[in-house]
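Okay, got some structures for you below.
The following pair of complexes shares a single chain, subunit A, combined with subunit B in the former and subunit C in the latter.
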Partner chain A sequence: MSEATFDHTGSRAAPDARQAEHDRLPASGRSASAMRARERARNPRFKAKALIPILYILFLLLPIYWLVNMSFKTNQEILSGFSLIPAEPTLRNYQVIFGDPSWYMGYVNSIIYVVLNMVISVSVALPAAYAFSRYRFLGDKHLFFWLLTNRMAPPAVFALPFFQLYSAFGLIDTHIAVALAHCLFNVPLAVWILEGFMSGVPKEIDETAYIDGYSFPKFFFKIFMPLIASGIGVAAFFCFMFSWVELLIARTLTVTEAKPIAAIMTRTVSASGLDWGVLAAAGALTIVPGAIVIWFVRNYIAKGFALGRV
Partner chain B sequence: MLELEGVNRTVGGERHIVDVSLKLERGSVNVLLGPTLAGKTSLMRLMAGLDEPTSGKIVMDGRDVTGVPVRKRNVAMVYQQFINYPTLSVFENIASPLRLQKQPKSVIEDKVKKAAELMKLSGFLDRTPLELSGGQQQRTALARALVKGAELVLLDEPLANLDYKLREELREELPKIFAETGAIFVYATTEPHEALLLGGRTATLSQGRVTQFGETPDVYRRPKDLLTARTFSDPPLNVLKVEKRGLSFHGAHGVHFAAAPRHRELADGRYLAGIRPHHLERGRAEGEDETRAVIEGRIALSEVTGSETFIHADHGHGPGGETAASPATIRDEEGVNRIIALVHGVHRVETGEPVRLAFDPNHVLLFTETGMAADRSAGTAAPIAA
Partner chain C sequence: MDKTFNNRAWFLVLPVLVIVAFSAVIPLMTVVNYSVQDTFGNNQFFWAGTDWFTDILTSARFHDALIRNLIFSGIILAIEIPLGILVALAMPKKGVWVSVCLVLMALPLLIPWNVVGTIWQVFARTDIGLLGATVAGLGIDYNYVQDPLDAWITVVVMDVWHWTSLVALLCYAGLVSIPDAYYQAAKIDGASRLAVFRYIQLPKMGRVLLIAVLLRFMDSFMIYTEPFVVTGGGPGNSTTFLSIDLVKMAVGQFDLGPAAAMSLIYFLIILLLSWVFYTVMTNVGADKAPRTGGEA
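Moving on, here comes the complex of A and B:
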């Protein structure tokens, strides 16, 4: 069917906006394809290509949705059948967690050793990264690479020696024990990230500061650290990310006083079966701190993944 | 007074600074002139105390400051790159050396305002350096160097990254501004005409060595050796091999010119003749001016830069290349010689066209075959034409 026949049959019967525009247009713009192109521009139609990322994101979000969904259900409903939305929404699961110190102290313990670890890792990594970025010394490149190899060993390898070592020093079941143990993995990463950010600052700024009369500490804190603030944020975030999700070492080194939340979640298994709802609520809550921290460094994460070398 | 005595600096087996001895007076303008990698920045870093010399002494007002860290010296330095503290405002940037000197607030405010006015930054004091244009950023750095009241002010190609107009403006003002502070003013540049405009004294550098140090016009007019002459010439110096026979010089491909009065006493033999590009003119008809020497060649390239034209000519392709006057020894080894002339006015010439370039033998710089000036004793009449 050509445009002309359409005109003859439909012009009187359908005096709609499309027809009105058709009449206003010069002859050259009246072809069928031109009309279609204009239609598309005015009313953006769904493109098939967009389906791929949408499906992918849905696929990624599904387990998280399922977790949150479950946390608002009763155990009975969870076990009885399939439902996308809780039939009888309940806050009981969250009440269990927030009402019982042995539950919520798990979060407190985790946060304490994670923050301790972040502070130790970054403050140790700052001078190290400065040395690697500003000075040349014997074996500097090898040492720098060797640092990263520490991250290549699985944490399980270190669980036993750590347990033995910390027992000897009476550090078992303390927050600092876990924080120190995680430093083995986080300090190298923080050094690499910070070195990348520091190397982006021209050395002449250091020299100008010395010429102006800054002492090294004053220069470092007043001039240099503000310059790499985003790098410090990203390094802290990566430390957080590792320490927060690491389970094996944290569990090995703690008994009750500094037990991380992930270890406490195993309490939901009892003789009477698994408390699905509470487990889901606890899981949903562990996502929250990570989401908050990510919010603060969202603009720099890509650079962080490239170890500050973009 | 800053004295460098036999200063050397070797980094990883590479000799960056070789046996440099200089005396810089208070309140003087000193230019370090040399191509990139000649050691200008290395020398400045030694003067500032950012680096330590491998051997030699650095003496400031009679006090040995070799090895004294930069923090404890009273110096100011401005880099070619625009270096400021990005997180501080322009005001704080300029005020930073004063704050560290623990000066009272009112004094700081006063001095910063004054320096900002001189550097035309008054309206930008609340901004951060990254919100400024390149020229303003560099002026911030210069203002910081100015307020400090340092005894030694080191400027390392401070204007190289600025646009033309700003460069002209600042080049004129900078020496005046800093001269008022009574500091030793050291200015590194790659451009010979910048050195001439700044005046004062010039040290020419080549491969880590100071080839000559003296009054700028003197160094320009009477270079001690070929290296200095080459360093102090832009576009590059034309060098011809010539042979002196009696009262005239003979070069390859028919070049010959009468010896200038100051060259007449020289012994016969082979020399190198340096001719500055702007001393060459396009010759007209042959034999028009008997006192002027002529180089014949073919145009290889010509560049018009506004009111001047660069003519690159290949000498040796020209007509009459084989003349009885050219000595056999030189003609044999001499191939095609590229001659560069800087001539006034716009010259539209075709590539390959024959060209006659004329020069006054009085302007010729004469060197021995080892590159030492042949006429050190006699002054030349050559005027400075930048």
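Moving on, here comes the complex of A and C:
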């Protein structure tokens, strides 16, 4: 430990160290890290503690590993033997999926309605979230609560009425129908998340911009949106995600043309129930999009799930 | 933050209102409409008053599904909350491992729900699944297709696998917001590990933990896809939760009246829970503002 650190802690902290800590006039970064190093040396549980996340993550990865493992096996091998790694790895299952439009169009359909939904949700939620974070108006609290109830509504309640509503408009089996239906829970989600991020931007910025002569649209697009760019990204990610994982409504509203991959999978299970390899490959492929984007939002996942309120 | 009172803000909310009205209010009105009518087919409806509601509220089938769902939610909370806290406490606080942990833990949350079901359906099969085969290999008689208890265990373990990370991530977010100085003060006071948890970490995690409990309760209360794929509500009705029962009634048997009445009762329960959730959430926001202000 250097002399400087010693002086720093020595002069102030000696008589009432506790008080100093409570005031959070910090011990310098160096002494804090030194403290941690000492703790690590003294604390034998340090290694044991790391076991918990490792075991937990193993528990999480094991079923996924089994799925991926299966997707590289032939059906014979799946049904006959029991092996931790494929004895004769094959890409046949993936070839089946990428060679057959009725399979790979499922992914295309899913991505089309998910992206449509994401764009609609975030673009209508942006102005609304701004209104909620900046203004009080007649019925604002009721409205905010009503939005939340839609996020919390069980999709099972809406499955049948959705089917009838979209039949009446002739929208069954179109991508836009699923995209609009998923707005039920994604618009409220986007409003809540964006409101959380927007409330972190000081109001003085708005006022200064207006004084400088910015009109509302110009201010909103030129100044405000760049400030909450990460919030927009997180909201878009969560809309993407919840639309991607939902099946009940998507399946109810589609027949063939817009059928999501998730629904195509269930059909295969019930009909043939035999082609385990292809089923596993299809499942493994649905994990990919989430796994790719998750890296970018890893620090905001908790905030998104808590509707922008952590 | 002081907000200005301005009713013109309504114009900004209008697009959301239109879209959500289209995808929520109109369908809900259809449900209300069905819930008070009966039909003999051919689209001829007549007034049935509150008959369906009395039917549902007194039916054993609804009671069973409700009780089953409450037990399920209870078990889920009892396992996932402590486990989530434990994992969050043991996670590294700095370095590359944080990112690796976060990404790997969040992975199950991003898998389509029916694929989650498929994964576990395969994983737990005694003939081709790793888990099922291992358990059977240990000499335990395990068959989730026929034995209600095994079906329950499978569904619960699957949900723990799927959603514990949510609790862990929320708790972790609460934990990293605790300033180092708190721990240093505790160290100088000679506080035990348990005391640090009880008097520093738990109170600081309190709010996120409340959010986690409410979210998990609500989502497990409307669980549908995962158990449906794994067990289809069976064996018998042993894993038929509220949503599964509702879809059976509405789409399977096309009993529109009772299904609509059940939907509304279900929705009212959710509404009540949402109100609790809303109160918690808005208070979290209110508490946060002065606290961050003080730190600056």
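Simple rule for what comes next: the second predicted complex is superposed on the first by the 255 of 310 C-alpha atoms of A that agree within 3 Å, B and C clash if a C-alpha of one lies under 4 Å from a C-alpha of the other, contacts with A are read in each partner's own complex, and residues count from 1 in each chain.
The definition used in the following text is that a contact is a pair of C-beta atoms (placed from the backbone, for glycine too) under 8 Å apart; a residue touches a chain by one contact, two chains touch by 3 or more.
The shown structure was predicted, so the numbers you read here are calculated from the model rather than taken from an experiment.
Placing subunit B and subunit C on a common subunit A by superposition gives a fit, with no clash between them.
In the superposed model, A:227 lies in contact with subunit B only, and not with subunit C. By the touch criterion defined above, A:157 lies against subunit C but remains apart from subunit B after alignment on the C-alpha atoms of chain A. Once the two complexes are laid over each other on the shared chain, residue contacts for A:211 go to subunit B alone; subunit C is not touched.
For subunit A, the partner that touches more of its residues is C, with subunit B and subunit C as the two candidates. In the superposition on chain A, A:199 makes contact with subunit C only, while subunit B stays out of contact range. In the superposed model, A:295 lies in contact with subunit C only, and not with subunit B. Put simply, the nearest alpha carbons of subunit B and subunit C end up 9 Å apart when the two models share chain A. Within the complex, the subunit A residues that touch subunit C are 17-18, 21-22, 24, 26-27, 32, 35, 39, 49-53, 56-57, 59-64, 66-67, 70, 78-79, 82, 120, 123-125, 127-128, 130-138, 140, 143-145, 147-150, 152-162, 164-165, 180-181, 183-184, 187-188, 191, 196, 199, 203, 241, 244-248, 252, 261-263, 265-266, 269, 276, 279-280, 283, 286-287, 290-291, 294-295, 298-299, 301-303, 305-307, 309-310.
Subunit B meets subunit A in the complex at residues 48, 50, 69-71, 75-77, 79, 81, 83-88, 96-97, 100-101, 141, 144, 148.
Contact residues on subunit C toward subunit A in their complex (touch as defined above): 1-10, 12-13, 15-17, 19-20, 22-24, 26-28, 30-31, 83, 86-87, 90-92, 99, 101-115, 118-120, 122-123, 127-131, 133, 161, 164-166, 168-170, 172-174, 179-181, 184-185, 187-189, 208, 211-212, 215, 218, 221-222, 224-225, 229, 242-244, 246-247, 250-251, 256, 259, 263, 266-267, 270-271, 273-275, 277-278, 281, 284-285. Of all the residues in subunit A, the ones that touch subunit B in their complex are 202, 204-205, 207-215, 223, 226-227.
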